[in-house]
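Take a look at the structures below.
Shared chain: subunit A. Partners: subunit B in the first complex, subunit C in the second.
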Partner chain A sequence: MASPSSEATQPADVALPLGRPARRSWTARVGEYVGFAPAIVLFGLFFLVPLGLIVCYSFWQTVDYNVVHHWTVDNYRYFFSVPTYVKTVWATIWVSVVATLLTLAVAFPFAYWLARYVPRRYQKILLVLVILPFWTSYLLRVYSWLNILGAQGAMNRFLHWTGLTDQPVSFFLYDRPAVILVLVYLYFPFAALTLYASLERFDWNQFRAAMDLGATPATAVRRILLPQIRPGLTTAVIFVFIPILGEYLTPQLVGGARGVMIGNLIVNFFQGAQYTRGAAAALLIAALIVLLLTLFRRSLEVEDPYGT
Partner chain B sequence: MARDLDIVSPRGRLTRAALAGWAVLIYVFLFAPIVLLVVFSFNSNKYGTFPITGWTSKWYGQVFHDYQIRDALTTTIRIALEVTVVSTIVGTAAAFPLVRSRLPFRSGIRITLVLPIMIPGLLIGISLLVLFTSVLHQQLSPTTAVIGQAVYTTPFVLLLVAARLQGFDASLERAASDLGANTYQRLRYVVMPLLAPAILAGALFVFTLSLDEFIITLFLIGSHNTLPIYIYTQVKFGITPEVNALAALLLAASLTLMALAFVLPALVRRAVRLVPRKAGA
Partner chain C sequence: MADAAAIAFRGVMKRYGSQVALQPTDLEISEGEFFCLLGPSGCGKTTTLNLVGGFVSPSDGEILIRGQSVNKHPPYRRAVNTVFQNYALFPHMTVRDNVGFGLKMARVAKRDAAGRIEEALALVGLEEFADRLPAQLSGGQQQRVAVARALVNQPAVLLLDEPLGALDLKLRKRLQIELAQIHRDVGTTFVYVTHDQEEAMSMATRIAVMNHGRIEQVGTPFEIYHRPNSAFVADFIGESNFIDVDVGPGGRAALDNGAEVPAPEPRRSGRATLMVRPESIQIRRIAEANGSGLRGRIAQSSFLGSHTRVAVLCDGVETPVTAALFGTEGAAASDLRPDTEVVLIWDPADVVLLEGAEGKEADAVDVN
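On to the complex of A and B.
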C-alpha cells in the first residue's frame, strides 16, 4: 500500500467490495511489504544481529585482548567461579524482586483510589501528573535523589534539624535500600499506569454484590478484584521487573560498592575490554528475562499492543 | 458509584480518606526530587546542596558560557534531529504492513519490533558496541549513537502510527480510489493528513527520548559528549550547582517538548479537518 508500485493494480482492487481482494499481482504483494524494508535493516542489522553476536561472544574466548572464535563455556565457568559475581547475581535478583513488589504495593492503593474514588473528569489529569516526571530525563531522575540522600542532602538536614542525629548519616546513600528506593521511584509510573488501566475497566458493582453477600472488603478484593485484574498485574510486573534487572545507572550513582548489580559488572567487563566475559554476564540477564516471560506467557497472550 | 456505600459506612469513609492521603504522599514522592533540583539550581551555595544561602541565577549564566556544555548541546541536538528523522521514516513505513498485510509470524514480528523498548538499554548498548568496534571496525561517533538510539526509539513511532492506522477507516481510501485518485494522491491527500497527528506526536516523542537517552549513548558516543553524558561525568565528582542548573534546563526542555507532543497533534488534526472542506469548495 505504501508503495507506488501497487498503483497499476489499484483499479481492479477498488472494484471489489470492501472485503479482502481475491487475487493480487506480484507487484502488489511486494508493495504491501516494502514498508518493512527500512525496519528490517534497522532491527535486523542493528538489533538482532548484535544480540546474536553477544550470544556468540559469550561462548568465545578472549586471548591477549583478541577474541578467538573458539567455542567454550569458560566465560560462564569463570563467572560462576568468582564468589563476588555469584553474590551479585543473587543480589540483583533480590533487589529486582523487592523493588518490583514494593513498586506494585505502592502503586496499587493509588491506582485503586484513582479508579474508584476520583470523579472521571479528574482521573486523566491526575494520571498525567503521575507520568509527568517519567517524561523527564532518566539520568536526572536518578541524579535528583543525590540531592536528597547525600551527606548534605535533604534527609540528613531534616534529621539534623529534628535533633535525631548530630552527624550526617551516609546510611541513605551507597547501599541497597537507596537503590531500591530510587528504583521504586523510577518505575512507579509504569506500575500505576498499567494497574489503573485494568482497574478502570473493573465493574465495582460486582464488588458491592460480593459485600452484600457477606464478604469483607478484604475478601472481595482477594476473590473478586484480583482475579479479574491479573493480566494488568502481570504486565506491571513484567514492565517493572525487566528493566530493573538490567539497571546500571541507579546502582552506580546511589548504590556505591554495596549496591552493585549485574549491570555494573557487565559495564566493568566491557570497559576492561573483556568482551567475552561481559557477554556471558549480559546473557545471564537475557536468560532471566526469557525465564520471566515464559513464566508469565499465558497471561501475556491476553495482551495485544494494538487490540487486534 | 460507590459513593452511597461510603456514606453509610464510617469505615468506608476512613478507607477512602486513607487512600486519598496515600495519593497525596505519592505526588510528594514523585515531585519532591524534581522540585528540589530546581530549587537548588537557584541556590547561591556553591556546593549545590543545603543550606540555601540565597537566591541567584548565576549558575545559569555559567551554563551558557561553558564551552563544554555548548559542545555537548550541539551534539545532543544534532543526534536528536537525526534520530527523529530516521525513526519517523522507519517507524511510519513499517506501520503500514504491520497493520494491513496478512503476515506470517505476525506476532513474532510484532514482538521483535517492540522488544527494543522492553529489554534493558544496557543490552542494546553493549551489543552494538561489539558490532561496531569488533565486527564492522567503525570508530565510535555521534553517528553510531544515532543508530543505537534509533533502535530504541523507532518502536515508539511504530506503535503510535500503527494505533492510528488501526482506527483508520479503510473505506476512505477506497472512496478516494473510486473518485480516481492514484496511489500517490491517496497517500498525499487521504492517508498522510489522517496520520499526520500520530506521526508528529511520534517525532516529538522520539526527539525528547533522544535528548534524554543515556545508557545506549554511553556506550556508542565515543569521545563526544551529549548533555546526559556530560552531566554523568560531572556527577561522578559530586554535585555542582552548575549541573543542577543544566539539569533544570534539560527538565524544562523535555517537559515543554512532551507538552507539544500532546498539544500540537490536536491542533494539526483540527487544521487537517478544515483542509478537505476548502479543497472541496
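On to the complex of A and C.
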C-alpha cells in the first residue's frame, strides 16, 4: 500500500532473550516477550502510524495542493462518481483473479510433479532455479518482457521469421493480456514454493490406496490430495492475489493506457498532489483486501487432520 | 472359465533397466486360499504383489484375475484391494468415510453402502470407532480399519503388504490369529507378503518362498518345512543343519573322513548336502550306539524351557550340529555334559538330500 514512509528502517536495538531462566520472576516473564519488541517498534512506527495518517488524509481536503484538516467524505464520493475509476476497480479485480488462477494452474502441476516424481536431491536444485529470478531486480524482470513482447521483440521477430506476419504486431503489449502474462511470470515462484511445501509432506501412499479403492487419478487428486493441502492452496492464493491487487509497475510498463489498475490510480493521485483522494483510493484497496482475507479465513482455519 | 484360478501368472516377468525384479514366473492361486509370498527383502515379493495390484506393469507375460487378463487394467479397474504396509488411511476422513471410500467410488447406493460399512467394521470389531479420525486410533486399530476398507469392496483377491510389520510382537501375534479368522469368515482369497517365516507358517494355506526374483518353492507350510527343495528354503524356514556328504546307492552317505551317516536313497550318486532339522536328531551315548551315526563331542547343552538345545562338534563336519530335544528326551539330556562323546542318529525319512545345485545357495540367505 502507498505508505508515505517506506524507506528501509533499522530494527530497534533490543537484546534477545537467551535461554529460559528456571526462576520465573516478574522480569523473567517480561523477558519472554522481549523478542516481540523489534517487530512491534517496526510495525508500530512504520505501519500503524502511517496507516492512521492515511485514514486521516482520506477524510481531509486538498485545497491548492495543500492538505486542509477539514473533515469530509468527498474523496470517497469523488472516487465513485468517476466511471473510469469504478471500472478500473472491477478491471483490477478480474485481472487479479485471472492472473491468480493462471499462476496456480502453472504452479500446481509443477509443484506436484516436483514433489512426487523428482528424486529428492534434484528437487533442491529445481527449487533454487525457481528462486533464481529473485537474484535480478523486479524492475529488470518486467523490463525484459518489453524485449519479448515489443514491436522489435522476440515474439514479433519469430512471427516475421515464420512468415505469419510481415508487419510487427503490437497486440502483445499495452493491454491486459500482457499484464496478466507478466504477473503470472512474476508470481509463479511464490505459488510454486508454497504449494511445494505442502505437497512435499503429503504421503503418496494414500494416492495408491485411493487408486486401489477405485479412484481414478483425477478423483484421487480431488478427494484425497486437495482436501489435505487446502491450507497450502489458500496461502498460495493469498501470497499471489493480494500483491497483484496492489500492483502498479507491471501495468504501467507493459499494460500502457489500457492496462491500468488501481495501483496506477493511486500513484497518479499522489503524483498529482491529490493526497487526500489518493489516500481514499489506497484505503479502498485495503478494505477490499481485508474483506477477502475475512472470506479466506474460514479455509485458513486448519482443522487438525491428526485429531486432538 | 468357470473354475478359473483367482490369480494366474503366465510367464510374468519384471525388469527395471538391466535389473530383473521378477524372473519369468508361472503361478496359480486358487479361490479362497491364504497365499503367502515369503522371502528376504529384495526377493521380488512386493513386486509380485504390485503386479497383481496394478501398480507395476509386467515387462513380459500375462496376469489373469479370475481368468481375465488384467495386463492393461489400471489399479482402479482391478477387482483387488490392498492393505498397505503403513495402512495409508486417509487422515482427513473418519473411519466410516475411509471404509466407505471404495463403495463411493463404485457408486454403491448410500443405504447399501451404510449397511456394508457397518458389516465391515463389525468384522474387525471397530463399530464403536466409526466416527473417529485415523490418528485417534492405535496402530492395531488402524490396521483393522485398513482391512475393513479393503474387504468392504468384496474384492476377488485381498492383497496384504506386510500389514503387521509396524506392530509390536504381541499385537502381531494377536492380529495373525484375527486375520486368519477373518479369512475363514469371508472366504476371500488372501495374498500376503511377509519376510517373517513364522507369520507365513502360522496363517498361510500355501507359501511361495522367493529369493533373487524367483519363486524357489511353492507348497503348504508342512511341505515347505519338511520337504524343502533347496538349501535356501531349508535355511530360511526354521533351523537346519547342513552336512556335506558323498552319496551312493542304498542310502549310503559318507562324510569327508569316510564315516557313514543315515540318509535316504539318492536320485544319483555323488556330492550332496544332507539337511537335518534339529528336532529330528536323537543323541546316543557311545555305549548305546549301534550301526551308522554321526560321532561327536558335546560342545554345549542349553535348557530352554520347552526343549533342550545341544550343540555337538562332529568329526568330519565343519560347523557344530544342533539338536533339539523335547519331552523326556530333553530331560534325559540334562546329564549330557560338555565333552561327552556321543553318536547322533536320525531316521533317514526325516532328512532331505539336497543334490547338485540345490545345496549351493545356503550361504546366500540374508534374513532381514
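One rule holds in what follows: the second predicted complex is superposed on the first by the 255 of 308 C-alpha atoms of A that agree within 3 Å, B and C clash if a C-alpha of one lies under 4 Å from a C-alpha of the other, contacts with A are read in each partner's own complex, and residues count from 1 in each chain.
One rule holds in what follows: a residue touches a chain if its C-beta (ideal position, glycine included) is under 8 Å from a C-beta of that chain, and two chains touch if they have at least 3 such contacts.
Remember, predicted model here, so these are calculated numbers, not experimental data.
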item	value
Touched partner set for A:Gln206, first subunit B, second subunit C, both or neither	second
Contacts of A:Gln228 with subunit B and subunit C, given as first, second, both or neither	second
Partner chain in contact with A:Leu140 - subunit B first, subunit C second, else both or neither	first
First, second, both or neither for A:Ala257, with subunit B first and subunit C second	neither
Partner chain in contact with A:Thr216 - subunit B first, subunit C second, else both or neither	second
Of subunit C and subunit B, partner touching more subunit A residues	B
Contacts of A:Ile125 with subunit B and subunit C, given as first, second, both or neither	neither
Contact residues of subunit A, present in both the subunit B and the subunit C interface	208, 305-307
Contacting residues of subunit C [partner subunit A, same complex]	53, 55, 74-76, 80-82, 84, 86, 88-92, 101-102, 105-106, 132-136, 149-150, 153
For the subunit B and subunit A complex, residues of the former touching the latter	1-2, 5, 15-16, 19-20, 22-23, 26-27, 29-34, 36-37, 40, 47-51, 86, 89-91, 93-101, 110, 112-116, 118-124, 126-131, 134-135, 147-148, 150-151, 154, 158-159, 162-163, 166, 170-171, 174, 177-178, 182-184, 187, 208, 211-212, 214-215, 219, 228, 231-232, 235, 239, 243-244, 247, 250-251, 254-255, 258
Subunit A residues within the subunit C interface of the complex	203, 205-206, 208-216, 219, 223-224, 227-228, 305-307
Residue numbers on subunit A that touch subunit B, as the complex places them	1-4, 6-7, 10-11, 13-14, 18, 32-39, 42-43, 46-51, 53-54, 57, 67, 106, 109-110, 112-114, 116-117, 126, 129-130, 132-133, 135-141, 143-148, 150, 152-154, 157, 185, 188, 204, 207-208, 217, 238-239, 242-243, 245-249, 253, 263, 266-267, 270, 275, 278-279, 282, 285-286, 289, 305-308
